[in-house]
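Lettered A, B and C in written order, each chain numbered from 1.
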Amino acid sequence: MQELNKHVKSINHLLERYGVRFGIYKDGVFKEQLFPFDPIPRVIGKEEWDEIEAGLIQRVTALNLFLSDIYGEKKIVKDGVIPPEFIFSSSGYLTACEGLKTPKGIASHISGIDLVQGKDGKWYILEDNLRIPSGASYPLIARDLCRTASPGTFAGTHVADNRDYPKMLRDTMDYVSTGGLNVILTPGRYNAAFFEHSYFAEKTGAVLVYNTDLTVEDDKVYLKTAAGNQRVGAIYRRTSDEYLDPLAFNPESLIGVPGLFQAMRKGNVAILNAPGNGVADDKGIYYFVPKMVEYYLGEECKTNNAPTYLPYYEEDKKYVLDHFDDLVIKDVAEAGGYGVVFGNTLTKEKKADFIELIKTEPRRFIAQEVIDFVDLDILDEDGVTLIPRKADLRAYVLTGEDVRVWKSGLTRFSRNPDSFIVNSSQGGGFKDTWVLQH
Amino acid sequence: MLLDFRYRMALEFSDPVEDQYFVMRCIPRDTDRQKLTELSTEVEPDTAVRSDTDGLGNSMLYGLIREKHTSFLLTVSGTVETTGSLYEEHEDPSAVELFRYTAPSGYTQPGPELLSAYTMLAETAPADDYGRLIHYARYVRDTMEYLPGTTDVHTTAEEALRLRKGVCQDYAHVLITLLRLAGIPARYAAGLMRGEGESHAWVEANCSGYWYGIDPTNNLLVDDSYIKFSHGRDYEDCMVSRGIFRNPRAIQTMGIAVSVVPEDQEAAPQQ
Amino acid sequence: MGTATLGKLDSLYWLGRYIERVYQSINMYKSTYDRLIDQDAELYKGECEKMGIPDNFTSAQDFAWKIAFDTDNPLSIISNLYRAYDNAMVMRDEISSETLAYVHLALAEIKRGKKSEAPLMELQNVEDLIFAFWGCLDDKVDNESVRNTVKIGKRVERLDILLRRDADREDLQREVSRLVARIDTTCLPYNRKALLYAAAMVEDDSSDYEDIKKMVWDIVPPFL
């Protein structure tokens, strides 16, 4: 690993060479910037990984069962495990998806589960991302480049090769495809993750398409090519639900494909991930995931949630108000590190206002104990000094014929030493994640 | 009562359009209060029309016209037998489904205007749900002024109440929001009404397990002269027509003509 | 090329055109720059006229810097390279990350040239990277139709530049015959009549270059 630090310059050169970037809007202007890469990997031992892996497989299996149930019979609600308010008032719950049957019964094909390791050594789930979790391309290409820049580092380390991700992705698409081409639907080159869209298209052999390249006829989806229409069987879409189809969702969407949703309802195309998944990765629903595992699988939940309180329950509300300064409060409607407030950082006035808001809209917030998570060292700009930073891990779980956890992941760290927020949209960087084979 | 109905939508485009997709929710759905006994559909330019039901059980007609055209005409007509019942039974015995209609939806997020109206009304509201339904409906009717053109399809309940103006869609949204604030499940209903020249919208509220229809725009209980196309959380679930076409230069003008007449009477002349 | 959409064909074609435009501009720049240093400060005015560049420059130095590195000037080398990049980065899945990398590197290189005291050094590197780009395209991209679509762009661009620079008819004939030989191996929508007319016109010594130029522009009309 020390070896790798010496090759930072080469690695950065390679990152530039391959255009490893993400887009960001600053003052309304689109800019591409390099996603700062820290060469020191996060290393996870085999036993530790096996435990994480088993937990994630269980969790994602339950979440997929939940999604089929919620847009079908809603047994989990009828049996009183989850209060119906949490379903119907979730912004991710889509009425249009009622009765939707996804190919092979899978709704969350690519799940990005965010974890942190506490100082107690335990891993905690921060949030589930079941809509369009991005970021897998970064550790994927970073590994490739690190091996190029510093082959010696990898000699004899027994690091699981993570370059099988495109194969996993392709297998997943093939498994759910209803017959026809695999395509990756991008909202366009000014999307923050365009690099990833085009990179996955290249590596999986799927066709990178824009909305206007697709057309729907007789409830079937076609790619319009210069040589005529070709049937599409699976769409890995990177457009959010709201904009996917102006006939089913936001009528003003200019980046949607008219009729796509109905083609899916008719079982004529697989959409990865299925629309409506937001109901399962809602911050309010998070609280109930361990209960889902027990309910659907009859097993004890192997993953740990951060201790979470729902002001919706009187008892929890009282706890939240009594321990406001010790908690982190999250607005369930927000994502990307927005809408997160640490109780102890508020001024007296703001705190009072916030408490009032919790009282009037209890369903809108969750409160969590602040997990004291372990810092990871990053290399300072001088290329020598190591400095500790907060970091999380996004693990990627792919559901096709089996549920498989990618033996790697995106480790993101905050640039700011005081910040717990690691999102790339808020200026963080990333590390590779090494999973040891033995 | 047997009602003959006709819904006719005519679109004119200022410039030829192609790839026009349409999705219509203008087929009466079968309920305790009405049965569809006859239906015919015509579309010009001629195209294959497909049908399906959406996630809430509303009927949809949809299709696509690829070729260039400058006008589009869709006519749905048929016969509905209305029973005269003032309510529908709730279809889901577990009551889970009722919660769909107590959560605020896009158009029915209460703001200061609705919250203060709700607080004000609480002082005089009767204790029972049905009584409150009537109470709120009367408030909406008395407070709002029916004034087409003051609101549009994007206007929320909160905005409409602030304006104190609107059309049936706004009346329905305001009433739904008040009912939901009171914990009474309420849903938006779209359809036709005898004597009304356009499609109409009203409210259904669930009181002790029964869905009662009430028309806040006219301050009437929904009876056998109403035909329901669809119901949902708000306007968004019940848009009678949705569509998209290709040609950014083309401007669309829409004309709607509807008629509802008892079967033994002669249909009003079509425009 | 089974799955090529018209959008892709358009990007591939314009990628070829812009890469070639950058390459040709660098070549012209090199010879002009050399003479501007100490021989003929007014020389740039003639260049502007030939290439249809509005002469808003205050001096030979101003011209030399801006025509290479001014991103605000849409006709500068850097602007054309950015346009090549715009078309290349949306074609990663067709031309491969390896080929695309040379466009990234060229862009990084020309940005360095902005601050350089000897910009011909960086521009030489850009030129080298363009050669590498073509080599990589040939080597890494199996799909002949993809490769040839980019090359058609290159040929059309070169023909256009040759015409602007009053090149010999022989050169024109060579370029046109390369176009004719290759264009049907792509799915590019093109105007066959215009191509055949252009071919006939370059053979005919009495034809006017202005007329040929117009015909060349019609070979691949905008199809999006």
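Everything below uses one rule, namely that a residue touches a chain if its C-beta (ideal position, glycine included) is under 8 Å from a C-beta of that chain, and two chains touch if they have at least 3 such contacts.
Source: prediction; values computed, not measured.
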| item | value |
| --- | --- |
| Innermost chain, where centres are averages of C-alpha coordinates | A |
| Reference chain B; chain at largest CA-centroid distance | C |
| Centre distance in Å when chain A and chain B are each reduced to the mean of their C-alpha atoms | 38 |
| Centroid spacing, where centroids are CA-atom means, of chain A and chain C in whole angstrom | 42 |
| Distance between the centres, which are taken as Cα means, of chain C and chain B, whole angstrom | 59 |
| Touching residues on chain A, where the partner in the complex is chain B | 71, 74, 77-78, 84-85, 87-89, 95-100, 215-219, 246-247, 251, 258-259, 262, 265-266 |
| Chain C residues touching chain A - in the complex, by the definition given at the top | 1-7, 9, 86, 89-90, 92-93, 96-97, 100-101, 104-105, 108, 187-189 |
| Chain B residues touching chain A - in the complex, by the definition given at the top | 19, 21, 23, 48, 50, 52, 54-56, 62, 64, 94, 96, 99-100, 102-104, 232-233, 237, 239, 242-244 |
| Chain C contact footprint on chain A (complex, rising order) | 16-19, 181, 189, 194, 198-199, 201-202, 206-210, 212-213, 223-227, 230 |
